[in-house]
Structure formats: C-alpha cells, structure tokens
Amino acid sequence: MYHIIFFLLQLLIFSSHAAVQDFCVGDLTGPEGPAGYSCKKPATVTVDDFVFSGLGMPGNTTNIIKAAVTPAFSAQFPGVNGLGISIARLDLAAGGVIPLHTHPGGSEVLVVVEGSILAGFISSANSVYYKILKKGDLMVFPRGLLHFQINAGGVPAVAFPSFSSPSPGLQITAFALFANDLPSVLVEKTTFLDDAQVKKLKAVLGGTG
Amino acid sequence: MYHIIFFLLQLLIFSSHAAVQDFCVGDLTGPEGPAGYSCKKPATVTVDDFVFSGLGMPGNTTNIIKAAVTPAFSAQFPGVNGLGISIARLDLAAGGVIPLHTHPGGSEVLVVVEGSILAGFISSANSVYYKILKKGDLMVFPRGLLHFQINAGGVPAVAFPSFSSPSPGLQITAFALFANDLPSVLVEKTTFLDDAQVKKLKAVLGGTG
Amino acid sequence: MYHIIFFLLQLLIFSSHAAVQDFCVGDLTGPEGPAGYSCKKPATVTVDDFVFSGLGMPGNTTNIIKAAVTPAFSAQFPGVNGLGISIARLDLAAGGVIPLHTHPGGSEVLVVVEGSILAGFISSANSVYYKILKKGDLMVFPRGLLHFQINAGGVPAVAFPSFSSPSPGLQITAFALFANDLPSVLVEKTTFLDDAQVKKLKAVLGGTG
Amino acid sequence: MYHIIFFLLQLLIFSSHAAVQDFCVGDLTGPEGPAGYSCKKPATVTVDDFVFSGLGMPGNTTNIIKAAVTPAFSAQFPGVNGLGISIARLDLAAGGVIPLHTHPGGSEVLVVVEGSILAGFISSANSVYYKILKKGDLMVFPRGLLHFQINAGGVPAVAFPSFSSPSPGLQITAFALFANDLPSVLVEKTTFLDDAQVKKLKAVLGGTG
Amino acid sequence: MYHIIFFLLQLLIFSSHAAVQDFCVGDLTGPEGPAGYSCKKPATVTVDDFVFSGLGMPGNTTNIIKAAVTPAFSAQFPGVNGLGISIARLDLAAGGVIPLHTHPGGSEVLVVVEGSILAGFISSANSVYYKILKKGDLMVFPRGLLHFQINAGGVPAVAFPSFSSPSPGLQITAFALFANDLPSVLVEKTTFLDDAQVKKLKAVLGGTG
Amino acid sequence: MYHIIFFLLQLLIFSSHAAVQDFCVGDLTGPEGPAGYSCKKPATVTVDDFVFSGLGMPGNTTNIIKAAVTPAFSAQFPGVNGLGISIARLDLAAGGVIPLHTHPGGSEVLVVVEGSILAGFISSANSVYYKILKKGDLMVFPRGLLHFQINAGGVPAVAFPSFSSPSPGLQITAFALFANDLPSVLVEKTTFLDDAQVKKLKAVLGGTG
C-alpha cells in the first residue's frame, strides 16, 4: 500500500504540473497575448468555469433588426479560452435579420433549433450560396466571408452558431460603414454608395462624419 | 463601361483562382492528407455542399445505452473539411447514457436544447468536473479528456456538441476495451480490471480474445 | 575518400527524401487540399519556381476605380504554396481607390514605394484607424477586417501588400453586394441600403436580381 | 573597423530584440497562457536552461505497477516551453506495466533502449495495434488515443517517449476512473463496469464515492 | 430609436470584449509568451500602432558589407505582434552583400524596388537556386534555409523582404561562427574550416576564443 | 441484443469514417501536400506501419566525420506523417562529429543513451550555449538554429534526437557551402571565407564551381 501511495503521489505531482495544458480558463484580469487570455490557476478552477448558462434565455429582439446575438466567446465564457471553439445564440423574431457580417477569426457552423432561417454567404469569387434552413439543418460559413441570416417563417427562430475560435470576432458591414466616425467621403469612395444614402444610414445607425 | 467590364474580368479571374482557399469542400473520393480531404473543384460546389440536413431527426435510441450520436463531421458533411469545426447531435432517451469517451482531435462545446443532462469530464490531474445542464446551458470539454453525458430528467434530452476540428474522432473507452480483439490479459494488466469483469463485458459488447 | 563518398551518398539519399518539406512548389494540376496545392516533384523544381516577375509592370488602372491589384498568391506564384506568405502589387492612379475589402485568410502589411496613400481599417468594435502613408511607410491590416486604400497625392502611387497566407483571398464588399445575382431584396434587408441604391449599383457593377 | 563595430552593434541590437522568438524558456512563476509559460528574460538564460539531467537515473519502480514515468515536460524542463516537443523516461521492471492512458495534447514516438516492451494502441475505430518492441525499435502513438506499454522480457526495460507538445498531458484511464471522487454510480453507468469491480478498484487506487 | 441605441450598446459591449482578438498590439513592457508579446489594452491603441515609418530612409551601408537590414518585426513594429507577418528593408550599396543567413522562424518573400540583386538559397538536399532579380521581381526563400542577396548592378539596390512571422529571427552564418566566443576548435571541428581561417575571421568580426 | 448490434454497427460505421484523422500513415507513392504525404487507406494499415526497426543497429561511422545520422522521418517511417513528431539515431565514434547544421522545420530534443557528447547551439543574437552531456542527459535545440554534437569521451556515443515535425529537414552548413555547385565567388562573398579555403573544402566535400 505504501508503494501505491508513493506512486500516486508521484503521479499526482506530475499531473498537477502537466494539467495546466489540459485547459486554460481565461483570467480576464491578467495579461492577454496573441493566443488568448492568461490562465486562471488550476487550483481555483471549478466546474462553473466550464459551464455557461447565459444562452438559456432568448436575447432581446425588440430592436431595429428584430434580432439578437448572444455570444459565449472567451470574453463571456472564459472556459473556452485557448480551446479553439466558442458558440453563441441567435434569436430572430418574425421579420428579424442578422445583417451582413463576417467573423474575422473563424469559421462558423449554424444549427437551427426553432423556426426557419434563410441563410447565405458570398465567396471571394462573388458567388452567392443561400438556402432556407429548417429546424435541425446546419449551414457552414467559411472563415472571414460575408454572410447573413433572415427569419424565413412567421414565427421566432432560434439557432446556435459555433465558431472555430474562442474569440472569432464579429464585424457587421453596416455598422462598420455607418455606425462610427469614418468620414462619409471615405465611405462613398470605397463603396460607390451615394452621399445621400451614406448620410441617411449614418443618421439611423448613429454614425458621424 | 468597357473599363468596368475589363476590371471585373480581371478581378473575377483573379478571384476564381484565389477562391479555393475560401473553402475546401471535401472530395471523399480523392486522396486524403494530414490536413483533411482533397477539395472538390470550386466550379462544382453548390449551396448544398454547405448545408446538412441529417441532424433534424432524432437518432435511434432503442439500444443498450438509450442514446445516439449523429455526427456531422467532414466524412458526413464534407463542407466543413479544412474549416476547423464540426458538430453532431446527441439524443438521450430517459435513462440514456453516452459512455465515457474522448475526442482525440478536438475540444467540444455542448449546448442542451431539450431536457436536462448530467455532464462531466476528468482532467489529467484526475480532478472531476460535473454538473447538471438544463436547456440552454453550455459545457466545454477540453480536447482529449475523458467525458460523459447522462440524461438527468425523465424525458428525452437533445444536445448539439460542436468540435474544434472537422474530424475530432470519438473513442468510447468501453468499446476500446471490450468491443475488439484486444486480448483479455492485456486489458486486465493495463486497467486493473478482473478477468471475470473483462470477459463479461467482452461478451456484452462483442469483443473477443 | 571512399568513406566520404559513402557518407555523402548516405546523406544525399536522406536529404533528397527529407527535402520535400523544405518547400512544396504548387502543382496547379494536382489535387488541392485544405493546406494548399499538391507539391511538384522536387526533381522538376528549378529556380524559376521561386522567382516571379509579374509585379515589375504597373497594373492597368484605366478602369472605374483607377486602380489595379496584381496578386502573386499561390495560384499565380506556386513557389509560395505552403509557406505561409504571399505578396501583391497595388497601383493607384491619381484619384485611384481600392474599395473596401477584406482578406478572409490572412493579415496584410502594406509598404508604399511610390506616391502617398490614405489607408485605413475598421475593427470589430467599429473603431476606425486611418492615416496618410508616404513612401517607405508601412501599415498593418489585421486579418479579416475591412480596409481600403486611396491615392492621397496627385500622382500615381505604388505599394506592395504582403500577406500571412499563400492564398489570403480578397472579398471586395461592393462586388460581393452588387456584382452577382444576390437578390436585391436580400441585399437591402441585410445592409439597410435603399432599393434604388442597390439597383443603381447592381447596374454599374454588373449584378442582377 | 569603426564601420564593422557600427554594423555589429546595429545587428546585435536588432538581434537581441528579435532573439526572444528563438526560444521562450518558461518562467514558471509568471503568467501562463494557452501557448505555454511566459518567457524568462533572454539575458538571464544560460545553457543550463536548455539541458536537463533528470532522466539519467532509473525511476522508482517499487510500486504497484512496477513502472515509472519521469517526465521532462515544460513544467520540469522549461527549456522546451513553446518549442512543440518534450520527452520522458519510461522504466519497466520485470512484470512492469504502464496502464492504459492517453496524452490529450500530443502524439508520441517511443524508442526502446533496454529490454523489450509489448506496446499497443487502440484507434477511434476500435482497431487494436500492438507488437513487441526490442532495443532500438520505435512505435508511434497518434495523439489522444489509448495506449499501453508492458515489459515483455524478464529484465528491466527502459524507453524514451517523445511528444509533439511541450506539455502533452497524461491521463491514465484507471486513475481517471478509480483514483478520485467521481461517484461509483457515474463510473458504472458510463463504463458498464459492475459496482463491485468499481468499488474494489476505488479501494485499491485511493478513490472515494 | 431607443431600441437602436439599446442594440448598439449591446453590440458595442460585446464587440469591445471580442475586439481584442482582432489584433494584439505588442506591449513590449509586459510578459512575453511563446506566441508573442502581451497585448496593449485596446482602449489605448491608436492608428500609430498600426503604422511604421522606419523604412522610409535608406539604412546605413557604410560598413563592411556595404549593406543594411532595417527590420520592422514585432520588436520594432509592435502592431504586427500575433498577426503572422512582418517586413524589413534591405539596402545594398554598389558591391553590397547580405551574407549567408537564415530566418529560423519563417519564410521570406523579397520584392526588389530599386536596382538589381543576385539572390539565392540552398535546400536541405544541398541544391542551389539563384538568379538575378530586377526591379519588381520576387523571390521566395523557404523557412529556415540558408540564403543570400548580393547587389548585381553598379548602383544601390533596395528591396523589401516580408516574413511569415512577426519575429522571424535572423542568423547570419559568419556572425554565428566568428562574432562570439565559440572556441575556435569547436568551430573548426564542426565546419572543417582551417584554424588560420577561423582565427582570421574572428579577428575581423569581433569574435574571441 | 439486436439493439446492441445495431448500435455497434452504427458506431463502427461512424468511427470508420472518422478514424482517418486518428492517423495518416504516409503513402509515399501518392500526392504530397504542404502538410505531408497522402494517407494510406485505413483498411490497409497494420501495426507495422506504426513500428520502425531501423534504429536498432549503429549507423556506419567509418567516414570522414566518424559519425552517422539515421533518420526515422516521415520519408523513412511513414507512420509519423501528419503527427508532428519524428526521431533519429545519432552514432558518434570516438572523435566523431556531427557538423554544424540546422533543422529548418522543427525543434530538437536530444537524449544521450551511451557515452558523452559535447553539444551546443548558437542563437540569433549570436550567443553560444554548449555543454557536455552524459548518459541520460537531454538538450533542446530551438528550431532553425545552428547546432552541433561532438563525441566528448574516448568511446562511442549514441543519442536519439526527437523533432517537432515529421520531416524537420537537415541542412549541414559545410555541405550547403562546399558540396554543391554554388560558385566559389558567391560562397566567398557571402561568408567572408578566403578563396583558398573554399576551394580546399569544395575539393574535400565534392563541390564544384
């Protein structure tokens, strides 16, 4: 029995050192590097670091797009830090739209769990791929490409998009163009849009310049 | 107008060459390499390569574990080939269990969409992390670690596990031990299990030796 | 001397096997995988596979944007296949503009070699970063983010953008929206643009629907 | 000569900045991230950071498994931090066994340097691959798959397993099941093992519950 | 309008968390890890972090090699930290030479912008690939392989080498051999060079031993 | 029982598809890509694909350097293809030397199993790290850096170097300089070596030009 204990201690010491690379629960207060957040000390990690309950409730869709994205990326769910994966919840009320956007840092697989969604993406070659997805259908959006989701039924739709990165980012084209202080003249020159159109949308989306 | 067309052609030629790296829909009949399947020719790719409808129906849970895993990995859903992500569907009837297993090739995030599930994993340091997940809850299982899911309600549960690899693999410990021709004496020596236990489970799970 | 030769032969045999991983000049006719093109047989590789002369001449800027991008990605310059890098040439005539675009597959560093360029990008947080670059100045555009370049002098400007991928892709937002058959109604719903604006630009850029 | 010195200084300044990426000797007291430990300041690094003498002595095999694993992972040998490789020493006394285990974070190549070893692994498809290895023989164990080593002679065996990660982890199945507080009922449900078997091994290996 | 603002705030909060992974401007004073420097706080990042003006002036070529390398690696240009790319400026006066060297951490693509350069590399199989490059020509040097650049005209040449790493390193063979305290006897044994040759070059390049 | 079989079949079908990513034994006759060789069909893979016996015998050290390197890289041992690791055997007779060299594609950890070895490497900052290693000692050589091994006892030494790549490459500096047709004038200009020295070593090592 002594030997067993000896062996166990030996292994446990070994393992407790090695275990850190099993996971790296993000310490949002520590330094951040190109690969993600610093790791919480393993001794302070509990099961609650690996569980996230924030996607159980519908997001608030009483807004201009009648839609909501609730992310569980490493900033919200530090348990995924360093693990190459994250997830979010998509709520689309009737008439809801997730505007054209990209995730600069990863690919996405979307699974529809309620309602139906018209989803699509555009390739570098400007080819368009879109289809109506029903409950249980999947669609994959390759990393960095423009894509969108639109409620395709008269009832609320819910979907879970997963990402190949713990922090894939989200760049909504309309917000990038019209919800900041990028001067209108630069928006116009780089998009071919008319001045009136640009100014109208800057007003709607809170942009200036 | 001539100039526009000229420019468009120039860009389209450029883009059609470059577009291949946008995605690499798996050609299951071509050579496979360490990074995945060969790519289908972009010209033959359609939206149906990026959509998968196989997860809309419950898996068949009338089996010994009252559970089913339906994968949408690159072998089933070639659209995810090379994109660092995949997904599956988990069905757990009342009393259902997904036995202890690992995914050698990736981390997993599980989202529960129906019922409740007792899920857990064990770290390299032999620490155990488990909790009952309700509808909408997430749990992350770091790559390569032993984990399990058990129906925690009296009603069917459904969940979608996503993976940080298009082909994460699945190694069920009980099957690895008892459902093949690994000689019983080797199983016993390397697991400390009794001979009677090993032979009993080999009989149940179809193993020999 | 016999020993030397023996040793040399031994090493050369070894090396000729191992050498393939030194480089993997793309065989554009072979199967392509997620990591790039198949490799040309090392025995057929010559220095000309590693040299590319296509960027010596200005691109044709007599087009709507008074600008040209000439890529030396793996499709044009197969020597960079598998090496995690590529480059292009940017020509901006007076008044020239490279419209808002992303590279889904990589980051970019731009060096200006003639003239001056107003360059900028927009982050996921919708922050805008732009500045006028002079000859010799660099700017980095993180992967996947929207960015643009505009001639900022009255004379032609030339720059060389390098990429962290042999095939970074190029998705020009205006072309993605207006130069294909994505139905106008979908463009409008997902961008907030007006119908008239969308139809006008589809007409200019060759789109339908 | 002045110019030489000038040039040297210029280069050395440059190099001393750039040199950090040559290596990143782990500072076990600093913050840890998903990619490994923080780097020691290059100025404090000496040759002893790159040399490890802990594998020269046999591990203590007077234990239940008559075997010992002595790791030189980044936690023990910080010189390998960030370099994608590590190594360990395996001692198997006569009758010794390294129980079934996985390395969640990497692949392994084992070289036998004394005695003979019966080694094997089990694939995701439940195929079994095993063979007796003699002195000088190698066997590769793909990342994350269950494998084992058993002394196959009547004399001590020694081997050096190398890993494709500076911190590959080590999860011994019997310890994960029986050497912690994972409740017996959960072990039984997820492995099909009998209650008596589980309780017997929990008693032997120090588990509770 | 309330809803819009609500939605915007929601997204901005989300984005400001997620935005960190858009980029990771190096904080040269913070801890460094295997993946690079710690990130500056996004709120303190400005456009000047993404712009670098240090390559606009010729490097000082009044030295023994009549050449200069001015790097814009992550240590000089922290904006490229974590982005997989960097660049430098090469100045070769008439008769100038960049001696044989490697970049241990990345591949290089060189573009010539003034003059002409004889550039070449040697593969693991000891094959030699070299050619005279003119203005606008590119050459790729696969990672880790010995290569060189020599002014091939009677006039100054300028080139921009880009790298597939923000910190590719630079190891000049002659400096590694002769500009440090590596004992001459070790240099001789490991290179076959004569003692007189080694001592002569140690004297020229500042080495001892 | 029917259900068990049904479930097993279901899983086995699933697994047999997914299993390919468990490993990718190299098919040396198939197309090669940037990530390695094509995979052998899993059905044809046997345990012998994962076992390599070529390192059991000493390499032939009756040569100019009294040393031999016997690689088990993916070209010799296709079982490691795609797995991020490989190994070799080093034999150093009394007086034997492995000349200064780099591995362009990976880091190395060396374990000494017989005799003693003086090993060292040189960093990008031209710092030198060397030490005498005894039986059981390890030394790590970061990727791409110049390093060497010299027999440090009067008796044969044996070591096993492992690499963080299945095909790390091997570039011996003296062979790169003197064992090919790189013109002497180019060698001299890029290394500062004297013409007589270069021509002498070209004669010894089989070079021309």
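A, B, C, D, E and F are the chain letters, set down in written order, and residue numbers restart from 1 in every chain.
The working rule: a contact is a pair of C-beta atoms (placed from the backbone, for glycine too) under 8 Å apart; a residue touches a chain by one contact, two chains touch by 3 or more.
It should be emphasised that the depicted structure is a prediction, and the values quoted were computed from it without experimental measurement.
Asker: Using the touch definition from the top, what's the fewest steps needed to get from chain B to chain D?
Answerer: Steps on the shortest route: 1.
Asker: Spell out the chains that contact chain B while also contacting chain E.
Answerer: Common contact partners of chain B and chain E, which must touch each of the two, are A, C, D, F.
Asker: Using the touch definition up top, find the fewest steps from chain C to chain D.
Answerer: 2
Asker: The B-D interface: which of B-F, A-C or D-E repeats it, judged by over half of the contact pairs being the same residue numbers?
Answerer: Looking at which residue pairs coincide with B-D, the repeat is A-C.
Asker: Working from the CA atoms, figure out how many degrees chain D turns to land on chain E, in steps of 5.
Answerer: Answer in degrees: 120, to the nearest 5.
Asker: C-E or A-C: which has the larger count of contacting C-beta pairs?
Answerer: C-E
Asker: Whole-Å distance, chain A centre to chain D centre, using C-alpha means?
Answerer: Computed from C-alpha means, the inter-chain centre distance equals 34 Å.
Asker: Please work out the Cα centroid separation of chain A and chain B, and write it as a whole number of Å.
Answerer: Inter-chain centre distance comes to 20 Å.
Asker: Where does chain F touch two or more other chains at once, residue-wise?
Answerer: Within chain F, the residues that touch at least two other chains are 15, 18-19, 22, 31, 33-36, 83, 104-105, 120, 123-124, 126-127, 130, 142-143, 145, 165, 169-170, 175, 179, 204-205.
Asker: Throw together a list of every chain pair that touches.
Answerer: Touching chain pairs, listed by label, are A-B, A-C, A-D, A-E, B-C, B-D, B-F, C-E, C-F, D-E, D-F, E-F.
Asker: Report the residues of chain F in contact with chain E in the complex, numbered from low to high.
Answerer: 97-100, 102-105, 118, 120, 122-124, 126-128, 130, 142-146, 148, 150, 169-171, 173-182, 186, 189-194, 197, 200-201, 204-205
Asker: Within their complex, state which residues of chain D touch chain E.
Answerer: 3-8, 10-11, 14-15, 17-22, 24, 27, 30-31, 33-39, 81-83
Asker: What residues of chain C sit close enough to touch chain B in their complex?
Answerer: Chain C residues touching chain B: 31-36, 60, 62-65, 68-69, 71, 73, 75-76, 104-105, 165, 167-170, 172, 175, 179, 204-206.
Asker: Going by the contact rule at the top, pick out the chain A residues touching chain B in the complex.
Answerer: Within the complex, chain A touches chain B at residues 12, 15-16, 18-19, 22-23, 42, 46-48, 50-53, 55-57, 72, 77, 79-80, 83-87, 89, 106-109, 111, 113, 120-121, 123-127, 129-131, 133-143, 145, 160, 162-165.
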